[in-house]
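Residue numbering begins at 1 within each chain, and the chains themselves are lettered A, B, C and D in the order written.
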């Protein structure tokens, strides 16, 4: 198994839902970045369950401890290890899932590929494993901030409820004002209602999350196989439940003409800009200095309490399954911090790779 | 710049549109695969321009030469080098593009990042560079065929014309029967008309290409950061002009419920299958043995002959640009062989990485 | 900084001498290997200081905790995280080393490259960091044992005292019978005396450590750039204090003729063997089935209590330095477990890469 | 098989002794380096056989062609492909080696690992494959020269004849004045005599080659697993025939005391230097600004015309073998350009990785 992502700014993630701990080692962060456990905790709190009407009522404290990589309040260039010890993890009996994969969950893959599957709480296939992504993303965000780069993810669709377009500043402000993390406050209310209705029904619903990164310099990414759009698509598609990734106009380009959507250039304040941003900040695999805009399609949580068909793979026979428990009826609000983190990891990595951030020492 | 993709089955691509040659080195193909230059030529011929009404009338012979890696008609485990020497490449004066980036082309990135840009015919940013992808893909396909795996890409949408669903066998057969490479022959005709209308108009149009891979065993891909869906998304997004990637239902999941789209399991002929394939053959980052289905959004060719706004980056002033020349009004038909090749490269790589294909010798 | 080694069996090491913890994440160990913390503790105990007359009298408990990767007593394919929390680490004031690099220590590099150097106890440049190597090596050894591969390192020279040749079984047995870990018991006594004399003198002494691996199948390693001898040389040279690496006859080949040292082939018990093993088990970068033999040159511990010349890099002026403290007068005995571990990591990695060990599941 | 080395400055080598061509792709060289095929040819000419009394009388023209990566006389950031087409390669019948491995050659590994071995002229196991190393090294050297870094390799021992110590400038000058590439001209004569005597005798002899790199800045290399000494040891050990690698004093450290060989610091001309350079320019895995000094042990050419024992691996029976042909009785003189090239590749890679050379554009 490979649990690492990034080339120069590299995350190695470890741990499982009901094991001793989950965490990540961040290797390649240059020295002299101010960093504390609060910087990481703040991000982890965004993904913490049990904090609103629309997420699972499970309570998890999720307190991070830094085991290495900080000296006198700053990174020292050595690997940063962040760990969250699991607590109360044996609250429930999961043995009915031992040989019976839950539909549209990763269980079947784990069972057949590795043959020794920790089925408790989904093991390392659990969403809880994104704690590692968020630890890595928190460090990446702090590093990007030294270059004024900011990233925000927000919910733009849940079921058939769509948010209208908002400015970057409105998005940053409004997502903190509702549990759905949607910037269009009216749509947010409808989304919340829809999620609660699904919850009552023992069902779940999907949605779309958009991520915007601003102040990224032109020239990140490489034009053939290590394109920035390719690397973003990979890390975003690697988030559990994601089934599609778009950059800029995305699938809308299919029925457009070149003359409608080409991003024409102009000089503005002595800088090259584009009149429109249909490309979403990336052309030819490289950034052009405009905001980077991506969207991901998030499937409805596969854990639903309705009765479903499955199989017992040890007896090789059909079987019915009901998944009781406290699941998120819609994962989109909690995915936002993961897509923010993932985007930050890719950008931090490319900022170092492209020579914008010094590889060993921020003060060089 | 990094021009390599894959971990065990690794492609290093080189060359530019108007340089001496384009090609690729394929490293990591096990020994004892029967391989000839015809295997590669056959695939290259699919992307060759000048062969139909809907592509550019430019003629390029694109004959491949194998420089290494074959002994007595079979691979010998050493790197396979395939080269296409460029011919008649100085047919035209491109100097007006030296400092003036074409809207929605990669030029601006190349100019600002590398500072010594071969602007002739788009240099290494040209679609011609996908010859390297196709050389790699041809070897990958041949290797996958030893395990009965087949891959096909077809056009499912051009502009607002959409094809209806077809079976795998119909797709394989029908795409050879029309220049658009669309399996729905009626839609294919409308697509052809639409493309020709755009061509007359000096404009271009986008579309969607779907790729299906069958007979892929369960257990390819790794569940956290080297997921098969992530690796597919990356290589597909790395194709120039692609702005979105979907697996299975893709963006349709957003307004669905879990109960509607979960893929329930059943035992069929002593094998675990799913009743539906909304996941597109990949759940939790790993294959489940069902067909792998992806779709990419392809933007309209940015090269259009209509007048557009651009800038002269050496004088830092606004400027108008008209791109004359023989461009594809719709790139989708020629993209099909590139998405097939890209998919084949990722699958071949993971077949080796997951232990399904021996890393050094097919006869081991 | 990069703190990772290996391609398929991959170690990411973290932590520093006086930080919160040191440890390693092992990624890529297949599932279904029986593994407990005792397997790791046993190896860590070999490098633990304070256990004999010839090592530092510092006491360190060095108890390992496994945070992830084990399910029901076996690996489950997920990353294995082993951590040793540091204790009593603030016993001493190291501030005199803040700006004054110790001669022939890494300090100067750390200071000038990273600019925020944890100088306490040598920070991440400390020998204590090899705890990560040993954790990784312990897992690698257990994995190799499933294929009957055994590795042993022993001291063959300290100062001018050289051990005579011994058989593999004698080496395994005898090194446990003396604190120097030398298989020639008479030489071992002289070595011990020499080390103690250097200790009294406030000085230190170098030596040579040999590592032998038996039962490695033919065909490990790749013949051009990922040769097994190259990968061994790298990991062994990466051990602090090592200034030379030899395979087989090593530097002795310089004054030999081909006719004297070529390893001629013969058939023995239906297997291809060589009459001699001057190549040390590796020819053309690949194993030939004979024992793998390497030797490393270990420099005298640079920490000596004699007065030495150094500089104050903040004031840029010359300065005298005396390094008080409890240092190993000869590091060779404790290096043995690190060279064993390093060799095991490289072999485990190549056993997976070459298809001898399944990448995900030992029971596949 | 993996045929690539380097992380940011990356060489992918291809081709075999009697195939169509040998060559290399250099990926990651920044744009705006002046480069011509003469720069490469000059280096290739140093390894060309048939040019002196002490090398094989085989004639090979070895003319390099650049297929990509240069625009208007300068690199443009895209991959540089250099190819040497093989000529007259079928001069001889090698079929007696098809199933009979030559002692201490890589043949046996190739046969057993890949199962389809191009035995003609040693196939890809031939020394001819180092043409790829030299192409890569030529580009690396040109790149390093922009930072004033120079590298020279010279022969310091053949058989029992040892050269005395010489200055860097004497070495550069004197090695061009004798076919052995030894800087001590008196020793060079004795070496030449010794080699010719071995040649007459149908035998071969080993030696030692030293490489010195000057003007390398302090701070190259990373202190744990990507140490510069480790990376140098790997690439040097990867050269066929090399059985040992030393940095600085190397194996001499074994019988020294810390007080004898520690490199004490002093300030000289406002720079930190060491009084001695026993460390060979690398301490703690990182350069300290002093010259980098390495030595490699080169075994006698295994191809000798004396009768030797081998086996027929298809019949599994013992067999005698005589290797007729025109072989180098001592490979050391021709190895010098390969060790120079290998050292240059590693240094160029680390210069980019450590932020001393911009990754995409020398003029940034």
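Here is the rule we go by: a contact is a pair of C-beta atoms (placed from the backbone, for glycine too) under 8 Å apart; a residue touches a chain by one contact, two chains touch by 3 or more.
Here the structure is a predicted model, which means the values were calculated and not measured.
The most distant chain from chain A is D, comparing centres defined as mean Cα coordinates. Across B-D and B-C, it is B-D that has more C-beta pairs touching. Rounded to whole angstrom units, the spacing between the C-alpha centres of chain A and chain B is 27. Each chain gets one centre point, the mean of its Cα atoms, and the points for chain B and chain C are 46 Å apart.
Separating the centre of chain B from that of chain D, both taken as means of CA atoms, is a distance of 39 Å.
Each of the following residues of chain B touches two or more other chains: 1-4, 13, 113, 124, 219, 354, 360, 364.
Interface of chain B with chain C (complex): residues 7, 219, 353-355, 358-360, 364. On the side of chain D, the complex with chain B involves touching residues 1-4, 10, 12-16, 19-23, 25, 27-28, 31-32, 65-69, 71-72, 74-81, 83, 113-118, 123-124, 360-361, 363-364. By the touch rule above, chain D contacts chain C in their complex via residues 1-5, 11, 13, 101, 103-110, 112-113, 124-125, 129, 157-160, 198, 203-208, 218-219, 221-227, 229-238, 240, 242-267, 270, 272, 274-275, 278-280, 283-288, 297-304, 306, 308-311, 313, 316-318, 354.
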